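The structures considered in this document are given below.
Here come two complexes built around chain A, the first alongside chain B, the second alongside chain C.
Then we have the complex of A and B:
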């Protein structure tokens, strides 16, 4: 109780001291705290600070050049060539070449790449594939394909993370990852001199540190956004870009689409939305959110227990295991889903935390960008079911989604936002299209 | 007989009036922006359902105003009726559920046609409209915003996402400095079409800035960007070549000081030049000619003429303080605590004669501009705040000296150039 009061009091004082906006100042250290691993995909906060992709999404979700300055397709999207930005160097001074890019891309996806071949020709990086790749430029903006130096000029593997981004990793000590400004960043030197990321910090401790001025930016999980607003934290949220979905195996009894349909009918999305996630984001039964597609409401979200029983048809499914990606609210959501399924006659057991392989997996998919076709392809890629999405009109995309969802291998549940709370020193903080904070464009009021 | 004639005349007039009203209503509906999508959707519904009766419901999930929904429903009903589908009858087994929706790119009208247990879906796209409002003031000076026409790239696409550092109208063309090039635009059809582009290899910065200064004769310009100086000149093309082909722009690496303001007579040479720190995006405080006092690093400067003669130099410091330098003495200005970093001095002739237009936002999502008079050591508001449609990323005095030019980046990251005039109220 006292802790909550203390946090509120500190933020009230901070708000009273707010000043008008001037041009951003250079200098200072941004202190960030996160609950997880800052290098973890897809939303690890350090990744986007240290690495760049060939392409990138701007805050509105539009595709923009990054390490590639232009690209063009050939042979009906079966071949793409990307022209590299000249004069870019990795943090250790190694020049960015098409060869270093190709090496990085090959390391990033090894055998499971959305292309058959990638090769370096002069300043060009050329991708070819037997299937059409209409959304490759958008796919290359995703976190998986950020460019890292795999070997320096001497052929040796660089020590630590080596990218071309606005910050370079400088130290990791006592649970704090230190990043230093890249003075020669191709996209301009960041405003802050350095960023300190304190890792594996509980949300409660993060908020307390923010209130006491020991942190400038902390995380606010979707289910705690309401609480953060009540405590008058300065909260910044992304649109609902994290799709929470149940990925269903098609092995054994689950090979029967009716059994998978019974699982879909048994899940109570409203309870997840109302109780677990505190009415943040939106309930969904579609892959793309309503704001992106405009037709999400066509997929019914209501629970139908009778239909679930009917579809299961008295079949004994044996024991099903349910694994959950993440902790906290995700585990609670998993438990709630297991309860829903037991009510429909399924024998569901929760897999231990950390186990990834199971009959049912509660997962998060990132939906970024404003191109629904590319976003849909990205979800399929993340679900290990990559098939090119060539549909462009809303009517065609709707039919495509309908076809994908009818086989019930992905049961979508809730679209959630990502949230952050910032201290009074922070200014011009924006959330990128992938939901991570753009710390390179952030400055501090008291920097001189 | 006479009474009969009166009755016939009155009847004719009434019929004419009713006819006009009906025709007017019909015309009004045919002119509605929703007529075409309503007809298209009704056609698709009729193709699925065939002639008959169906219960129609319309709901709105879009940004269309609630007041417009009844007229949209009426349009759909009429178009359905024209195709043999009668909307109404709660006893009908068929139902049409129309949802007026939208996504990031367009409006989307979706119809779910329900026949028994079967539901079929059809949808049409509807173009989205835009509206903008201009705020006015009622104080001594009124700031009026005028948006410059949109910029169109040579490829035909808009270039609203390219950061604009500075712009000026020269020789009937619009010269725009982006962070990587200087482009010349020609006016056509109410828009500026890019006709020439000259690469500029300035050092990229997070808060990139630039100055574009037309010469007094209006035939050429000098441009300054971090680490780069460019000069452009225009000569009338020979042999009937296109008017816009006469531009030549040459750039070179340079650390020369930038002109930070003109003297009161805009035709004369820059009154003050300042060295720019390209790695930190501010002026270092070292100026030429020397004005007799060591200046702190600053973002913007201006010159305010004094009624008694002479002038004061106004500085928006990196530390957030606004100060004047007059007679070799630097003094802080009161009443400027909520100023932003950019300022433009305009000679409106109203109020105190010269105003300083400055950006000011506090914590609001969008910036605003306001005119201040500085008769002594206090900034006195002379206009109401003029709301801008986003963040003001650059602000400078226009060539005429009577208005300011502002570059605004809206929430979607798109840039536009606005001319802001100070008018007497």
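Then we have the complex of A and C:
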């Protein structure tokens, strides 16, 4: 009897212990290190912690309410109205109103907006456009349209970043951005009391700090995921949501679609995928990834140098410039593409880092959400070629993609994942649909 | 130029030429010695530098050797061969190159394609032909980079041990400014590298090549005065052999270098670049200049001394000759007492003695001549006086005798004879007075009282006086020809009038049958020339020669003093008188007087 009781007691204690380990604790400071600027779009880690959008994507990619609790379209997607969540306040206490939302949206896209007009009517934010906007709610979940306070109640511009997110910016000193938990966050208080983001830290140093316990979360670029795994780091990756593509100008000789076709045929995607990006993600010749569309495999990815020569037809294209968005593996990929194109008879020179406008631009496009139409429209928006995507079936989407890709202004190359490595203190870390880590839902093992 | 100056010049030139010849010989010899030393030093430095360069080549090969022997590299090669997957090693070459401080490093797989490239990471998968040069210690190669440049590098190839089939490493260092800066160089040595991307290596040695000074770089950047190296570099590049020479980088000789151009060839023997080793000659030139300065100083001092010595010699040699010359001039000017000191028994002494003897003889001869002339003059004077006086004396005698005989005549006849005789006596006595007066005038020429007159006035006065003189005798026309320009003279007008009158009277006397007397006057440079011409019979040259001799006359009743007086007057006015005449063509007397200042 006693033996049975004793065994039951031990099991009970064990069960209680297990329960205690799985329950998240409030408190503690999350130490994050990043290579770039945490405020930079589209994947700046601080933006998603400080700001919210009208809508948001849950980890599965489904569209969810955020600052707007509901939305409805009218007039065949030419008009949308979003009803704001009541009782939401910015970090300084300013009440979120439709007017502040409109001001923020106007500030975020003053020149190029997917709508013609946006106005505040009571608790409603109303968007109107001459053409239809079938995927506007999904588009508003993107990083660009996060809501920031542009002027407080006194009409003054806030001193720092002011949003409604789970954390608020508190300090920036010695390369460390400090974020404090927003106790009154509409989505609930985050577990961590604060987040310290050390900026402009090289990947090597990030990993070193992680190994030494000086960082809790560091970045792992796609090309180093395998190495991180070999080093037995605790790696968390997103699905392949970053589309690496070559955006081709249509000016000068590149106005000739055959010349652009020659460029598309000359690019060796497999070398990029297999070697430079270390077989992470997937090779693609389509805009949407295979998992999302189901038809990506229909677009041929193989290099065809003979076809490239044939399409170029001996045309002298002069010197083409190739700019690359990003550093490291992106620059290497750019060099490889330049080398590929030289083999096809193109004289391609790499533009200095930071140069945006060139004949060829190697860019990253974010594929977020699980709605193919919305994801495709988002890509087109990022490529300055926004057109409404209303197709819903795979067959229609395939035809639409084919039409878009036929003009060779966008040459897709590889879909890449985003990766992070976390330390032992981190619990319940998840990656959001846009590839950023969800630090609001993350707690720490040693927090009390 | 005097004899002394000629001697001085001769001696000085001789000595200066000798000194210059010696100095030139010494300087040439010194230059030869210095240049030989310079060549020797240059070749020594160049050979030392070449050894250093070879050491660097060996260092590159040794670095690749060390890398290929590393455990992790061998493991990498083993894994590469086993898995045939090159992707994990994409960045391996960069890390290895960084550790080994190599500018270039490529890992080349068994198939000859690049597995990893430090210098152009995107070049993986492409073939690397240089990987086949395993046997060579090190070699030169142009490496193409992603930016399109093709820098020159010193490469070595090694097989990574343990991997079969072979995995190779192709590594090297960039031959650029930093490479040159690392090379130890002697003080004053400057090393440069002339490399044309795609130039010598691609175009070949026969292609037209244009030298670009900016491509000649040294440890501190572009080599100063790089264009001066063009010919040397071109010579080395085209010949494929070392070329040496002296280069003057600036107009200053001190900025010259002894340069050697060494062609750097690839494994095919093609010159990819040219290495220049330049050794400054500033020290050498400074030494040369110092020696040259000393030589010039010594030569100048020698020449100066030679001039001083030449002065002394020339003075010593020329002094007796100058004394002789001065004495000869004195003799020429009439000083017959001139003597020169006699010193020594050399030729100059003999000449001096002979000169003194000659002047002594001349003085004696002159004295004798003067005495004889004086006697002759007195005789002539006596003869003249006798002749002149005899003419009036004879009528006087006849008249007195006639008067004495007339005492026998009746008083009336006696009175008539007496009156006639007294008239004759008075006339003849008058003639005697006149003759004596002329002689008196000649002996007592008055001192000129100078006035400023115009020659035209003097001539006009004479012409006016004698224009109508021919009315009683033969027809004589007096013509005057004067320049319009003023002809000022500072003369005694009366004496000049007298002289001109004498000449006109002589002219009239020379034309008993009548004729024309022409009086002309004109400016001749600084003088005024007055000419009195007649159209008479003229004179023989002998007559012309003796014309101004006192008491010489061609006229039957002349005293021979007229022209002598004219000459005396003209001489008293610092002028000259001359006669131009040919027999039968008249005569012209030319008086030249100095023109008065304006």
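Going forward, the second predicted complex is superposed on the first by the 427 of 448 C-alpha atoms of A that agree within 3 Å, B and C clash if a C-alpha of one lies under 4 Å from a C-alpha of the other, contacts with A are read in each partner's own complex, and residues count from 1 in each chain.
FYI, contacts are C-beta pairs under 8 Å (C-beta built on N, C-alpha and C of every residue); 3 or more make two chains touch, one makes a residue touch a chain.
Note that the structure is predicted; figures quoted are calculated from it, not measured.
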Task: When chain B and chain C are modelled together on chain A, clash or fit - done: fit
Open item on the list: Applying the document's definition of touch, where does A:441 land relative to chain B and chain C: first, second, both, or neither?
Closed with: first
TODO: Name the contact category of A:107: first (chain B only), second (chain C only), both, or neither.
DONE: neither
TODO: Tell me which partner A:293 touches in the superposition: chain B (first), chain C (second), both or neither.
DONE: first
TODO: Using the touch definition from the top, say if A:274 reaches chain B (first), chain C (second), both or neither.
DONE: second
Open item on the list: Quick check for you: in the superposed arrangement, does A:117 touch first (chain B), second (chain C), both or neither?
Closed with: neither
Task: If touched residues of chain A are counted for chain B and for chain C, the larger one - done: B
Task: Touched partner set for A:387, first chain B, second chain C, both or neither - done: neither
Open item on the list: How many Å separate the nearest C-alpha atoms of chain B and chain C in the overlaid structures?
Closed with: 25
Task: Common interface residues of chain A - those touching chain B in one complex and chain C in the other - done: none
Open item on the list: Please output the residues of chain C touching chain A within their complex, sorted ascending.
Closed with: 86-88, 90, 120-126, 146-148
TODO: Can you check the complex and tell me which residues of chain B touch chain A?
DONE: 61, 99, 101-108, 110, 112, 121-123, 125, 161, 204-208, 279-282, 299, 316, 318-320, 337-342, 359-363, 367, 412-413
Task: For the chain A and chain C complex, residues of the former touching the latter - done: 226, 271, 274-276, 278-279, 332-336, 338-339, 349-350
Task: Of all residues in chain A, those that touch chain B in their complex - done: 18-26, 58-62, 64, 183, 186-191, 290-295, 297-298, 370, 372, 393-395, 398, 440-441, 448
